[in-house]
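Below are the structure tokens for one structure; questions will follow.
Chains here go by letter, A, B, C and D, matching the order in which they are written, and residues are numbered from 1 within each.
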Amino acid sequence: METAPKPSLWLRLANPAAFNALANVLLWPLIVGTIAAFGYGLYGAFMTSPADYQQGETVRIMYIHVPAAWLSLFVYAGMAVSALGTLVFRHPMADVAQKAAAPVGAGFTLICLLTGSFWGKPMWGTWWEWDARLTSVLILFLIYLGIIALWRAIDEPQRGARAVAIMTLVGAVNLPIIKFSVDWWYTLHQPASVFRMGGPTIDRAMLTPLFVMGLAYLLLYLVLLIVRMKTELMVRRIERLQIVAADKQARQGGSR
Amino acid sequence: MIDLGPHADYIVASYAAAGLVLGLLIGASVLANLAAARRLAALEAREASKPAAAKQ
Amino acid sequence: MSAILAVIRRELTLARRIGAGVELGIVFFLILISVVPFAIGADQKLIGRIAPALLWLAALLATLLGLDRLLQADEEDGIVDHLQLAETPLMLVLAAKALAHWLVTGLPLSLVAPLLGLMLAIEPQAMLPLSISLLIGTPALTLIGLIGASLTVSLKRGGLLLSVLVLPLSIPTLIFGATVVKEAAAGRAYSTPLMLLAGVSLIMLVVAPLAAAGALRFARN
Amino acid sequence: MNGTSFPHAGEMRLEARNLMIRRGYRLLFEGLDLDLAAGEVLQLTGPNGSGKSTLMRILAGFSQADAGTIRWPGLEEDDEPANALHYHGHREGLREALTPAENLAFAAGLLGGDAGSIPDALDALDVGPLADLPVQVLSAGQRRRVALARLLVAPRPVWLLDEPLAALDTAGQALVGRLLAEHAAAGGMAIVATHQPLGIDVRHLALGGIPS
């Protein structure tokens, strides 16, 4: 497939060797970036940003709760794109990326749930409140767990990738529907909740640490994605080598 | 530490929970990577030695 | 004795290696609990009242989930023949398989249950009794399931039939288990239902492997 | 082969008297007598559906004959025949997700063998290097050899082998013949249901020859 112009980044990434080379180059700068972003973000979250006039200090939980919500959706969007890559473009690295991303996305979603629960406790008085947003995040978490379980249940990576890609896309299509139905369900039972996650107007000084923490989460996601993709490539190479070892033994053994 | 107000323990708890989950995620990813690298090296070493050594 | 250790070690390695191990049971348990409020509505008080029954039903269904593969997978590979040729009596070998299954489903469920109890707004003082009741009750569910698995091992659609067989037999465990949590939630003493629950489990511990060994021999005759 | 000794070596005898098996409405055979002494290998032949496998499973104790008796003189009262025999059926009895070493370790624990003998058993079947590859990646012939290694890992006097040569190449078949000869020489006994020649002196029993 000789394309006249230099093949686009995606095509060059198609073969594992090219990916590994690029990954090794990017990995350490990303790690340093992640640490720096976390450092600066946390400093901003605790030192320079003010307390909230309504909730007081507990608003500081926002700096790890809200970015986690962003990332849980961002990672899922990434998985949906990879799923398209697998199904439509047959990009060989797409399913590796998707398999690597799923647990990371689940992790961020879990953080969003836990911090949401801790944040809600002082306000609602219960550990868990069927708040529309938290419930939607819970459903997203269940979808993540389903996809991870599906990955683990499939022992033949190539054949299974398409099945998981379809599940991911089906999940992606359903997310807005779920979001709408949960909001609708929530308004049926609960009067408009007086407690607004993150408050209606966010103080300007809060914005910078919030976005820096968002960036820190993003960079961490990229680091973990690269590490997990390299692992997945090794696992597949191990499986190939095992088959080669078995066939080689069959030829040698059989001939005697 | 700066005064975290009446609900300080919830703030600390939520940061601890987030830290724990991220720690587990990072730890699991790195350990899985190292384990796979070890197994791969063992297999590749065995491949290299196979043709040379007679049927052991 | 070594046969029992061999069975347990192998089952745990398998659970770790192929996907449908511990986490599937827990994820199923989590999903069952999570969908309930969508059907019932976010009314905390109502959910709190029926939470004990929901948690126990979810534990029962989660246990059933993994049961039909308990013996069927071995039958397909031809391993059940060797179970019958083992030096230790078949009864103990099957008990070992049930124990391995419980370690992978019943035990983790009872540890995770309190966390889910939070979601169903269970009374805080009922959290520990919930765990204890599940810890004591789930072995009975697995053991009853063992009998069902032995009976349906060589049948094609054994899984469904197994659930139909097991559900009625697990009603005592369900009643006592849910009562323990209800009593604890209401702040009353729950030792009596707990003793009865333990009684059922002990009876099953003796009866089930015996019945399962007999059932397995006849089912595969 | 590493002359593994096993209990009741040389004393085991099989005495089956007028066995009758009916499967559904078809009478497979009746009035079948079968004697086997230690040191003997019996080759069982017969057209498909003549009841070879059924007879093997009855001798192994997995199912009961419709009539007739099976006795194993030489076994003490409390000793179960099931503890003194190996049954090797069409399905290899290996779990694909595990490695040969793990599968045989399980068999050793279950059937009272010694896990230390696994490497030698696998080498005896020429599949030593496959010990820690998942069975999933092995060919049918290699799986058959790993399953046959189970006979060596847990030494038992009686071998009941149903079509053990299936999926084996000529070298593999010769190997099975040698194993049977060494087992008989060590005082064991074996019944092998197969049509291929075993290359050693065997007694013959043809099923289906008896008028139904």
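Throughout what follows, contacts are C-beta pairs under 8 Å (C-beta built on N, C-alpha and C of every residue); 3 or more make two chains touch, one makes a residue touch a chain.
Please read all numbers here as calculations on a predicted model, not as lab measurements.
More inter-chain C-beta contacts link the pair C-D than the other of C-D and A-D.
Chain centres here are means of the Cα atoms, and by that rule the chain farthest away from subunit B is D. A summary of chain positions shows that the Cα centroid lying nearest the centre of all protein Cα atoms is that of chain C. Subunit C and subunit D have centres, each the mean of its CA atoms, that are 37 Å apart. Here the CA centre of subunit A is 53 Å from the CA centre of subunit D.
Separating the centre of subunit A from that of subunit C, both taken as means of CA atoms, is a distance of 33 Å.
With centres defined as mean CA coordinates, subunit B is found 17 Å away from subunit A. Counting partners per residue, subunit A has 155, 242, 245, 253, 256 as the residues that reach two or more other chains. For subunit C, residues touching at least two other chains, in rising order: 18. In subunit B, the residues that reach two or more other chains under the touch definition are 50. By the touch rule above, subunit C contacts subunit D in their complex via residues 2-3, 5-7, 9-10, 13-14, 17-18, 73-74, 76-79, 81-87, 93, 220-221. Residue ranges on subunit A touching subunit B, taken from their complex, read 46-47, 51, 56-58, 60-61, 64-65, 68, 103-104, 107, 110-111, 114-115, 118-119, 121-122, 220, 224, 227-228, 230-231, 234-235, 237-238, 241-242, 244-245, 248, 252-253, 256. If you check the complex, the residues on subunit D that touch subunit A are 97, 126-127, 129-130, 133-134, 136-139, 141-142, 169, 171-172.
For subunit C in complex with subunit A, the residues that touch the partner chain are 18-20, 23-24, 27, 30-31, 34, 37-38, 41-44, 118-119, 121. Within the complex formed with subunit C, the subunit D residues making contact are 60-64, 82-83, 85-87, 89-98, 102, 105-112.
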